[in-house]
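After the structure tokens below, expect a handful of questions from me.
Letters A, B, C and D mark the chains as written, and numbering starts fresh at 1 in each.
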Amino acid sequence: MRVAFLGLGAMGYPMARNLKRDHEVSVWNRTTEVARNHVRDHGTNLLATLEEFRASDVIISMVPTSREVDELIDRLEERLAPGLLWIDATSGDPVTSRKSGQRLAGRGVDFVDAPVTGGTPGAEKGTLTVMVGGSAENFQRAESVLGAAASKVVHVGALGSGHALKAINNAMLGANLWMAAESLLIARRFGITLPIALEVINAGSGRSNATENLLPSRLLRDEWPLTFKLALHDKDVRIAASMAHEQHLSSPMLALTSQLFTAALHEMPHADYVEVIKLAARINGEEW
Amino acid sequence: MRVAFLGLGAMGYPMARNLKRDHEVSVWNRTTEVARNHVRDHGTNLLATLEEFRASDVIISMVPTSREVDELIDRLEERLAPGLLWIDATSGDPVTSRKSGQRLAGRGVDFVDAPVTGGTPGAEKGTLTVMVGGSAENFQRAESVLGAAASKVVHVGALGSGHALKAINNAMLGANLWMAAESLLIARRFGITLPIALEVINAGSGRSNATENLLPSRLLRDEWPLTFKLALHDKDVRIAASMAHEQHLSSPMLALTSQLFTAALHEMPHADYVEVIKLAARINGEEW
Amino acid sequence: MRVAFLGLGAMGYPMARNLKRDHEVSVWNRTTEVARNHVRDHGTNLLATLEEFRASDVIISMVPTSREVDELIDRLEERLAPGLLWIDATSGDPVTSRKSGQRLAGRGVDFVDAPVTGGTPGAEKGTLTVMVGGSAENFQRAESVLGAAASKVVHVGALGSGHALKAINNAMLGANLWMAAESLLIARRFGITLPIALEVINAGSGRSNATENLLPSRLLRDEWPLTFKLALHDKDVRIAASMAHEQHLSSPMLALTSQLFTAALHEMPHADYVEVIKLAARINGEEW
Amino acid sequence: MRVAFLGLGAMGYPMARNLKRDHEVSVWNRTTEVARNHVRDHGTNLLATLEEFRASDVIISMVPTSREVDELIDRLEERLAPGLLWIDATSGDPVTSRKSGQRLAGRGVDFVDAPVTGGTPGAEKGTLTVMVGGSAENFQRAESVLGAAASKVVHVGALGSGHALKAINNAMLGANLWMAAESLLIARRFGITLPIALEVINAGSGRSNATENLLPSRLLRDEWPLTFKLALHDKDVRIAASMAHEQHLSSPMLALTSQLFTAALHEMPHADYVEVIKLAARINGEEW
């Protein structure tokens, strides 16, 4: 199929490359330089301007937030042909994606939200999990496109559900991460070294993706890569908190997580999300 | 070695059986009936009264809390011979275990705290992780005893550190569990089914031991076994909270977890710890 | 002036009566019976149907939430004459009131949000404080109308600010109330009686409107009147929480208060707001 | 009566002066200079060394924490005569004061805990409220001594109850203060000025001692006096939190307050307690 891939960030870049195995992929990026590199290195086609997408059957967008998706739709709406499938792989906002879906439906364009999980390693290896929200038919179309970039493509519910579940998943990660930080600070004060504490917890029942995959590199090897901006993770936690609010649910731990992430963001506006644990230390006069 | 195993609960029962492979094991239990069954089924020796422990080189205690350990020490103290090793596998209290260690040191008895993680499956299969607090020498003695019951015996620090880390681990589990419950409630309200939500989260970055191993059986198969009493888990969360307090640390998420577990305990005094998620639902007028 | 007063609840009923001193007041209520009583007892004019408001210079609405205000506007919009002043004394939502203001401005109608504080005693005595959001001119018009019902009419800011500040005020009250409940439970467990605890706190620095005016009647005289529905108070706390969210603020105590009020509402959907303290007791297996 | 007053801090200094009206007062202070000034300005007697207290019927201690009280008892214990009354006006720890009471009872010395509330203005004017823990008889003795310095002397319960209630009172103040700060930040972001917000809240139901007496000087006149150290207030909040923990109570708002105060203390170890509101601003990238 002819796929236009819009947005070559840390996740989109390798994902577009993997899709090339099965599809004819054209790429666009806000900074065109990045798109040129992709074309040079991976044999994709260049969309020098957005408007060149027209020869495509499928558009995949993977941009920072739903706002940028909306801007893309604004620019392209007039030119979209009925029957086109738009797959939004952004970690977006479910409410906005429902509106986008209605808007595009008016032009006969099918829309699914399809955020991914698995991190940059999963994007590189093509082993992402994609959570798709939309109708059963649109899911099937999306699934057939995404196979080359993902090991798991799941239909999670109606339009918006993919973004909803992604936000919830990231909020859980956020809570698990912060709680791990508090816990490790207590252990360390008690005289238990971080390597020992992590080893035991990861062999024990307190383990999570945070303790198994995120904290060892930061805490044991002092590596603090920028993998996903705190600003974006905070956005996801806030989306989850908004959902709870809209549903009139009492969710005290999510609420606390959201406040802590926002406090961390105010302290470290350009940080990677894992660096929230620095605030957990800082409020105790500690460093990692 | 001759091992006296005191306390044949859900964890102790299979652990004593596994130790039988390498050691001559005598068993005692508050309800003697259970000890008799162990002797009959697994060829261990019966300690009809506690005082018969005397022919042992090692005592292993595995009782509900440090209070029961203290009571055992009270009853046996006078009879303990210098050189004996006492391994306390209870999920105990670090402060109490330090006092117990001093008390026993006065009689020439070596003491280590050695709580385990891995749950009843790990206890059955002999694949527990044991976190040992105590001197390097005492750790080595304990390690040589515990091999048949554990796949990992880790020296985590000075006396009390084992209990400390166990409490911390369980507090983390508690937070991860509660946060997962809140998250799944939000997802379900949004129209995402629990099986789908768990599948995606467990393929995603929000996963934890809670979502991978504890919640599927409860939420997908409606099985609510009594594996570890909420009263005991609450005790562990409270021990972790006490440590944070003693160390004058600011740990808001642990503090919240502790309040939520205590509220759940007041609501369901006889529940299994995973049933805390019922309170997370109940405060939203929901059931699982 | 000719005032149409819409909504004769616990606050509106006495407020309309007090306005009668200075103005020619016509009253409407969803349940007409209540309006008839008002006319009979206080000499106001009956608006048997909403549409009869036409002979008025000023409309004052005082209904449960902004939703009901919106419905009133829907019904009357076509008939509103330029130059009319609409004072919304509802404890409403600032975002909605801004929209309502724009909508009415389109018809030449001036709109201010003007929620009150002071409770039913203040409404009875005409000693309410009114917090008015809107332009300086509209504030002046509103001030000249409200004098007979209030001892203080304050211009708090642009349109919506009145509702904003009212929600914030109620959220503060909510937090102070819950914290007082926790504190009194601790004191009582320690053997300090509630009368003694309240006496000392009210002579001390921990005092608040909650401890001085709300808790004594409930806790010392066991009187639990329905003064303001928990459902409405929860709505206000949620409005405050939404404002914090929109402003991207980290406000952990407000967030917790909101979760606790919502949990209480799920438990006691028809309760008075002060009854939230019953949940604070209940999660401890206690009663007041 | 002959009163030895130990500890001439911000509260003790004026309190000792007021007691002079009814009693023969001797004063001691760790920094003797301060005691000399008191003698010079107020006609009290100097205790150049602690041991000179002997000619007294009553000892009043008013030092930073129960630790300093313990040290005083250590130094004086041997010299205390049966029948002496020791009034501890420190904001102390109930558990420690119970132990101190037992210790002194062994020497025939009567002990009450008698912390005060009312702040430095109350201490200056002799209008403090004193909350006394101890037996009915000891309370009566204490009451007859304290009249000149207090407008209210209340028997709150058994030994330790005074300290307990003081800690609880201060924890409430702490929560009310922090919540007010969050609320004012939201209001200000919404365009409502601090003077207006405080005026309305203080005429409304959200008011508390914090909004009426503490915040106006800091926020409207930018005065940040050192009235009571954050380190001491944090100690009181922690005492309240410990009591809740010992009583196995679920008190989420107190728990959160305690974490926030401790975080503030780590950030500003020498601050006045009202300065916690600077942390509430800081986590939002704001200043007052």
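Note that a residue touches a chain if its C-beta (ideal position, glycine included) is under 8 Å from a C-beta of that chain, and two chains touch if they have at least 3 such contacts.
The structure displayed is predicted, hence computed values, not measured ones.
Peer 1: By mean C-alpha position, what chain is farthest away from chain A?
Peer 2: So the chain farthest away from chain A turns out to be D.
Peer 1: Give a one-word verdict, same or different, on whether chain A and chain B use largely identical residue numbers at their interface, taking over half shared as same.
Peer 2: Same: most residue numbers at the chain A-chain B interface appear in both copies.
Peer 1: If you average the CA atoms of chain A and of chain D, how many Å lie between those two points?
Peer 2: 51
Peer 1: Using mean CA coordinates as chain centres, what's the chain A-chain B distance in Å?
Peer 2: 37
Peer 1: Using mean CA coordinates as chain centres, what's the gap between chain B and chain D in Å?
Peer 2: Centres of chain B and chain D (C-alpha means) sit 42 Å apart.
Peer 1: Identify all positions of chain C at which a residue touches two or more other chains, and write them in rising order.
Peer 2: Each of 249-252, 256, 260, 262-263, 266, 283-284 in chain C touches at least two other chains.
Peer 1: Show which residues of chain A lie in contact with chain C when the two form their complex.
Peer 2: Touch residues, chain A against chain C: 238, 241-242, 245, 248-252, 255-256, 258-260, 262-263, 266.
Peer 1: State the interface residues of chain B toward chain A in the complex, per the touch definition above.
Peer 2: By the definition above, chain B touches chain A via 94, 117-119, 129, 131, 152, 154-158, 160-161, 164-165, 168-173, 175-176, 178-180, 182-183, 185-187, 189-193, 196-197, 199-201, 203-211, 240, 243-244, 247, 249-254, 256-257, 260, 280, 283-284.
Peer 1: Which stretch or stretches of chain A touch chain D in the complex?
Peer 2: My answer: residues 252, 262-263, 266-267, 283-285.
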